[in-house]
Amino acid sequence: VTDIAFTGATLLDGTGAAAVPDAAVVVADGRISWVGRAVDRPRDPGLRVVDAAGKYLLPGLLDANVHLVMHVDPDVLLRYEPGLYDALVLEAAQVALRSGVTTVFDTWGPLAALRRVRDAIDAGRATGSRIRFAGNIIGNGGPWSPDFFPALGEGLSSSVVSAVNREWEHGVGADLTWMSAADVRHVVRDYLATSGIDFVKYAASAHAHSRLIAFSPDAQRAIVEEAHAAGLTAQACAQAPEALRMAIDAGVDLLQHGDLTGPNPMPDETLDLIVERRLPCVAFLGTRRRTDALLERGLHWGRTAVGLEQVILAKLTNDRNLIKAGAVLLLGLDMGVYGPSADTSPVFGPIRADDPEPTQLGRSHLSWLRGAVEHGMDPADALLATTSNIARAYGVDDQLGTVEAGKRADLLVLDANPLDDPDNYARIAYVVKDGAIVDRDRLPERPVLTGDRDA
Amino acid sequence: VTDIAFTGATLLDGTGAAAVPDAAVVVADGRISWVGRAVDRPRDPGLRVVDAAGKYLLPGLLDANVHLVMHVDPDVLLRYEPGLYDALVLEAAQVALRSGVTTVFDTWGPLAALRRVRDAIDAGRATGSRIRFAGNIIGNGGPWSPDFFPALGEGLSSSVVSAVNREWEHGVGADLTWMSAADVRHVVRDYLATSGIDFVKYAASAHAHSRLIAFSPDAQRAIVEEAHAAGLTAQACAQAPEALRMAIDAGVDLLQHGDLTGPNPMPDETLDLIVERRLPCVAFLGTRRRTDALLERGLHWGRTAVGLEQVILAKLTNDRNLIKAGAVLLLGLDMGVYGPSADTSPVFGPIRADDPEPTQLGRSHLSWLRGAVEHGMDPADALLATTSNIARAYGVDDQLGTVEAGKRADLLVLDANPLDDPDNYARIAYVVKDGAIVDRDRLPERPVLTGDRDA
Amino acid sequence: VTDIAFTGATLLDGTGAAAVPDAAVVVADGRISWVGRAVDRPRDPGLRVVDAAGKYLLPGLLDANVHLVMHVDPDVLLRYEPGLYDALVLEAAQVALRSGVTTVFDTWGPLAALRRVRDAIDAGRATGSRIRFAGNIIGNGGPWSPDFFPALGEGLSSSVVSAVNREWEHGVGADLTWMSAADVRHVVRDYLATSGIDFVKYAASAHAHSRLIAFSPDAQRAIVEEAHAAGLTAQACAQAPEALRMAIDAGVDLLQHGDLTGPNPMPDETLDLIVERRLPCVAFLGTRRRTDALLERGLHWGRTAVGLEQVILAKLTNDRNLIKAGAVLLLGLDMGVYGPSADTSPVFGPIRADDPEPTQLGRSHLSWLRGAVEHGMDPADALLATTSNIARAYGVDDQLGTVEAGKRADLLVLDANPLDDPDNYARIAYVVKDGAIVDRDRLPERPVLTGDRDA
Amino acid sequence: VTDIAFTGATLLDGTGAAAVPDAAVVVADGRISWVGRAVDRPRDPGLRVVDAAGKYLLPGLLDANVHLVMHVDPDVLLRYEPGLYDALVLEAAQVALRSGVTTVFDTWGPLAALRRVRDAIDAGRATGSRIRFAGNIIGNGGPWSPDFFPALGEGLSSSVVSAVNREWEHGVGADLTWMSAADVRHVVRDYLATSGIDFVKYAASAHAHSRLIAFSPDAQRAIVEEAHAAGLTAQACAQAPEALRMAIDAGVDLLQHGDLTGPNPMPDETLDLIVERRLPCVAFLGTRRRTDALLERGLHWGRTAVGLEQVILAKLTNDRNLIKAGAVLLLGLDMGVYGPSADTSPVFGPIRADDPEPTQLGRSHLSWLRGAVEHGMDPADALLATTSNIARAYGVDDQLGTVEAGKRADLLVLDANPLDDPDNYARIAYVVKDGAIVDRDRLPERPVLTGDRDA
């Protein structure tokens, strides 16, 4: 790989520092070797100089909550032997990369395929967004289990349903919720020793029955302690006020969709705690247009009589309060790639119908960023929410999240200032990953799900 | 009411003391006025003397866990306007009384009807077993909610389903699980101030999804504290090891079916705690014959992939350990009255099919007592489990549970020694409640559910 | 009963003759004793004279297709022991009578209750619209069977479902479709000998699976012949082109909803046959407003992939063609009485939602009459469709359907001319049945279903 | 291909003639060129002589009712793009061939794949049993439609369900039942002109709702006439007495499972008609062992309240009567190939559970033959039922079904006499198709479904 210098762009370095006009960034050996004013930049003869005058240079984006295999309809998964979902994972990682998201944190997915594709991308054998993944949400079952989308498995042989679920569960599924805290600890320890995952996620709230709690305080502490002992960060999926509080008390490093608390907003005490501890919190922000559309639909939530409307209104209150209080928010929105059959799927069809911005990797981060600004977040803070905040929350800020010498050379060069208008995140001039300019037109190389839809 | 002396019987007084042969018990004004050897008894002229020679006299039995309205099929409940289930409650109370169970603790039922019939019986306006009741299990929905038997409501108008559920929920239903602990406290406080219930029961485990936890430790403590502040005992429904432990830590006075912990037995630490604290624990004991039949059926448990077989085996381990360790066990078995349509009910039909001893109030306490002895419990301890243990657990041992002067005159006179053979609990000579001999042949006066079945 | 003379009204006698201004009608002993110009009327001293100047006098209306027990939700039916639906039948008959419909033909309902209430009304022991009924639709199951609304029985004990279905089936249910034509003949013969029904209706089309045929030509002929042999008219429920043709070929006297032929209109040959033979045909006419609303809903039909829209469009074609060709059409619309819980019923809720004129006895005949005129029917023909056409089709035109001397004195006196505006059928001055003026304000006497709704 | 002479075997030539001991059969150019006594056989030098002394030589077997794609669980079908089921078809054709069934009549399946594989086998590009097929059963929907196994499609996107069903329906699905007879005629005519099918099958009975009739007499006649006009035989699927009679009256050439008439046996008149007209009739015969097992299961039939037991008992009566009366019976049993997931399939699992001889191509014809003899059929007649009777019924008796000079050289050479014991049909020495000895050990070449199961 040739060394490259990007010169003349306005630098938004992701540290929160003021924009630097007419800057230059030099990348060498996959890393950022020099950052400064364009006039000062090194003049090595071997350097390929890319004129980025008038453009905006920022860190490659990170996404704190994706699911690279999210369209789990049988017609998608059953094309493959259980677990051999590499093609799906790779397509999604390439869709992300094409859109400037150079690192994705997959918070629930099929372990073996994720591990193989992560390793292939890390080793340069495949092109795609850098993947870091959790495997299962400890305590939940797989995609066709009662914890997620049992309706998708209703017409299937139970042996097939079990085989697919196991690819997500890997021994840390729903069975753990029947165990004592001591037994949970042992099972998690064994899992961490062999699974090759990058971080730990567990169920504080039960997933489908989100008003309920999956683990006792002792069990939650055991999981967090084992994660830390293995050198990994730990995060929790909480969806109700008390579960959120229990997760915080258990010592998690990151709250997934911490703004989702069911029909009642989080208590002030919890909000204060999140702010004071600077506890990173993925918020499921969306545009007003989308929120208004969802409010009109009158669906139910968490398999109870609670209306979706109430839940959205409580979430809006949480979002407003978190932003106002200056909480450390992260971009994330359960983004994945959906093929055309999702529109008539028994599970995803009703969710996507009438949604003006149905979740889709490669697009939905733009909704999030637009929504953040609409919610009153400073555009500069929104940039942090998708760069250095995420890197820090996941403990990879020594490598990723800012444009600073020594970091991995993941860059996004835009034709217009994203702080002026979040839509400008889509006006991509260059995506650079590990020091190389990505050939975006080639991605995804094998459009398994996106082919028909985008054709 | 005339004063009566029962003379010549062998006295099993429910205190754990040795049997007293040739004893006499005098009742006056609804209370036990004298207990001693027959030769010493008072000889008041107005005294009606009942010769009980050769018989066995013991306290009227108590049942720590019944549901007087348990057959909640639509064809039963929809005969009545929502809540007007007095006829069902009364029939069940009379079925219990007929069988020698003079006090029942209803741990989940329709509040208003239970209150009316309790009061009518207490006031002597109606005949029946003495009722003490909890109303709802705080945190759960009503009978046709997702927490219990939603299948029963599938063909019904949702307005009808809601109206019936409300008769159980009374404002302390599933909504509370979405609340902060502080809000739970306030709602429970208001409920206790107005509901007229006799004791508090709450969901530690979620009911249908029994592997999950309904309330955080803070919320559980709030409920228990409010109960105590209102002068009531508190009990929890726990069905998994960690939920059981959380309930104990929250300070409950009684564990409902504390032997049910899902597919894994309770940890030794929890067992030790129950034994050391002498924490009363309803155990769902059954006969070997019944257990064997249930083990063969291969049903699933708690709406998960866990097999009923595993759950029963874990329960048997718990039962064995609890009995061996000398835990304070109480008789209870979700007993209720079922009419003939239960046999073809979508919910109760499969449960009752192939069950050699399907649950039925008036009969199932005999199964329990037989099962206790089969499990190795001393017959004398089994007697305590259905008398003084229950009275003490519910804080009514100043009035009930033993044959001692000053207590309410609830007596059971048997033709044969129940310590020799638990079946002898069914060989009833007299049932005495509040000092009067019950005319058992008249009960139930209006056989709403039991008529056809027993005809 | 006093004899009465209605004088001064404009007479629309139901024969198709021109309106007679300033007419008089005398009723005596429950019959019409004299009809003529007011100036010529008899002047008996005992005659009560009702001044009807400015009003319009017409025959009491008939409805060729009602279901007096139509709201068959469990919460309605389970208030009663199976079959004891007399209160429901009577309320419906009174709702009809209050609205001027003096005779109703119930084409599917619980036999025993219908028979009892029919007889009570005929004998003057009860007040209500005159009932003539078919009992079951031969070949179909009861209301909670797969042929009608199995979803309503999903939460119920199967014994209860069967018991309720039997009240409709009375031995001539779905089992007959498994039989040879010869066996069908024998079963029907026995049924007609004992059931006390007034006319025969059978399933040409299968009810729920309306694209399918219930009986072979031989079996259909057997049913019609047995009906005729018993002195009864026979009608068929047909819902598809070929089934309609088969019913005509079998010799039926009346086609129920002959305008419903699924997604394809009836062939010209069938239309010609109906017209040439002057075969009476109930048409399910509705207003444009209602049709437009139903077209927008996109529901499915007959449990197939066929859209409701296609079915409605085909029906509109049939209606237009039948009216243009001068077919003998009859008013009918599956009218029944629905209580409030129908709005949230799993079956009736979705049907009624967004329907601007949900079916309701006492109101829906007005929709029909308005719809008929909107479809291009002459208002005078619409009057025949709800009077003499029906009487003739059911073979009771010697007694009912016109204002002629000798007929039963069933009259409707309106404040305004119904031929000017169908809404005027609702501007009722008097309803007369069997010679007596109905006290409409008292009806229904016991509002079982209509109470809450109309309160 | 070399010419071959099989010498010394006992010849059972499928004509009904007596066995010929020590016979010889010469095959040349794919045809039988000579049949006679071994001593008389031609002695061409190029002839490969196979010594079959002690063996039994009979025609290759035919199966009058298979479904080469029968295991239609989503996990099987969704491995392929809709319609690309060639691998499934080919495996099944090879499983059949391996077991001595050299020609199969597929009476419901995915048209395009069947056509491709049929043509490939006919052209010698692929190895397998000769396929003749009907494509769809005219009037029925595809495998996941309400007519067959809608439960299998419940978790799938509706677009996927439709796409798969279309591969069976090919424009002659359930929509036809909504049409007039004239329209049915036109659609069928167009279908026959382009589909390349070998024979016509239509729904006399509706498939899932087997008590109901799918087509009027006029429509049935139209279908049969169009088939005959196209030079094809026509057969009907009938499952109830009247539907069976209607099919006969419509002029069909073959009755599929004519012994299945629901809970009531066929009337004597129908039986007589079948016998007199020598109307070929596939009978679903089975062994006593299997019948007894099915009788014990208490399942329901045809989505009605009718018990499977009644249906089986009626079928047994029909079978006994048909055999006794000498009806022309054909072997057939809906045989297909099932993979391991069928055992836990929501549809096939319950059907196969407790079935001692679950349907499987390559095995179930042995059950049929054993069952025929158990039912009292002469073993020689059973041989005709799987050879010449089928060839004649399908109009291919000029080519297939007997061992006669000029016929296609499809032969089965057995090690033991199948007339002594039907199990001997499994003691295969050689299978010859089109004059070549089949290398049975290689089949199936690609075991898609049978691999795991048989491993």
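Lettered A, B, C and D in written order, each chain numbered from 1.
One rule holds in what follows: a contact is a pair of C-beta atoms (placed from the backbone, for glycine too) under 8 Å apart; a residue touches a chain by one contact, two chains touch by 3 or more.
In this text the structure is predicted, and so the values were computed from the model without any measurement.
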Target chain D, source chain B, minimum contact steps: 2
Partner chains shared by chain C and chain D (touch criterion as defined above): none
Identity of the chain that, by mean CA position, is farthest from chain D: B
Chain A and chain C, separation of their C-alpha mean positions in angstrom: 62
Distance from the mean Cα position of chain C to that of chain B, given in whole angstrom: 55
Where chain A and chain B are represented by their mean Cα positions, the distance between them in whole Å: 50
Residue numbers on chain D that touch chain A, as the complex places them: 73-75, 78-79, 144, 151-160, 340-346, 349
Chain B to chain A touching residues, read off their complex: 145-146, 174-175, 177-183, 206, 209, 211-219, 240-243, 245-246, 262-264, 266-267, 270, 303-306
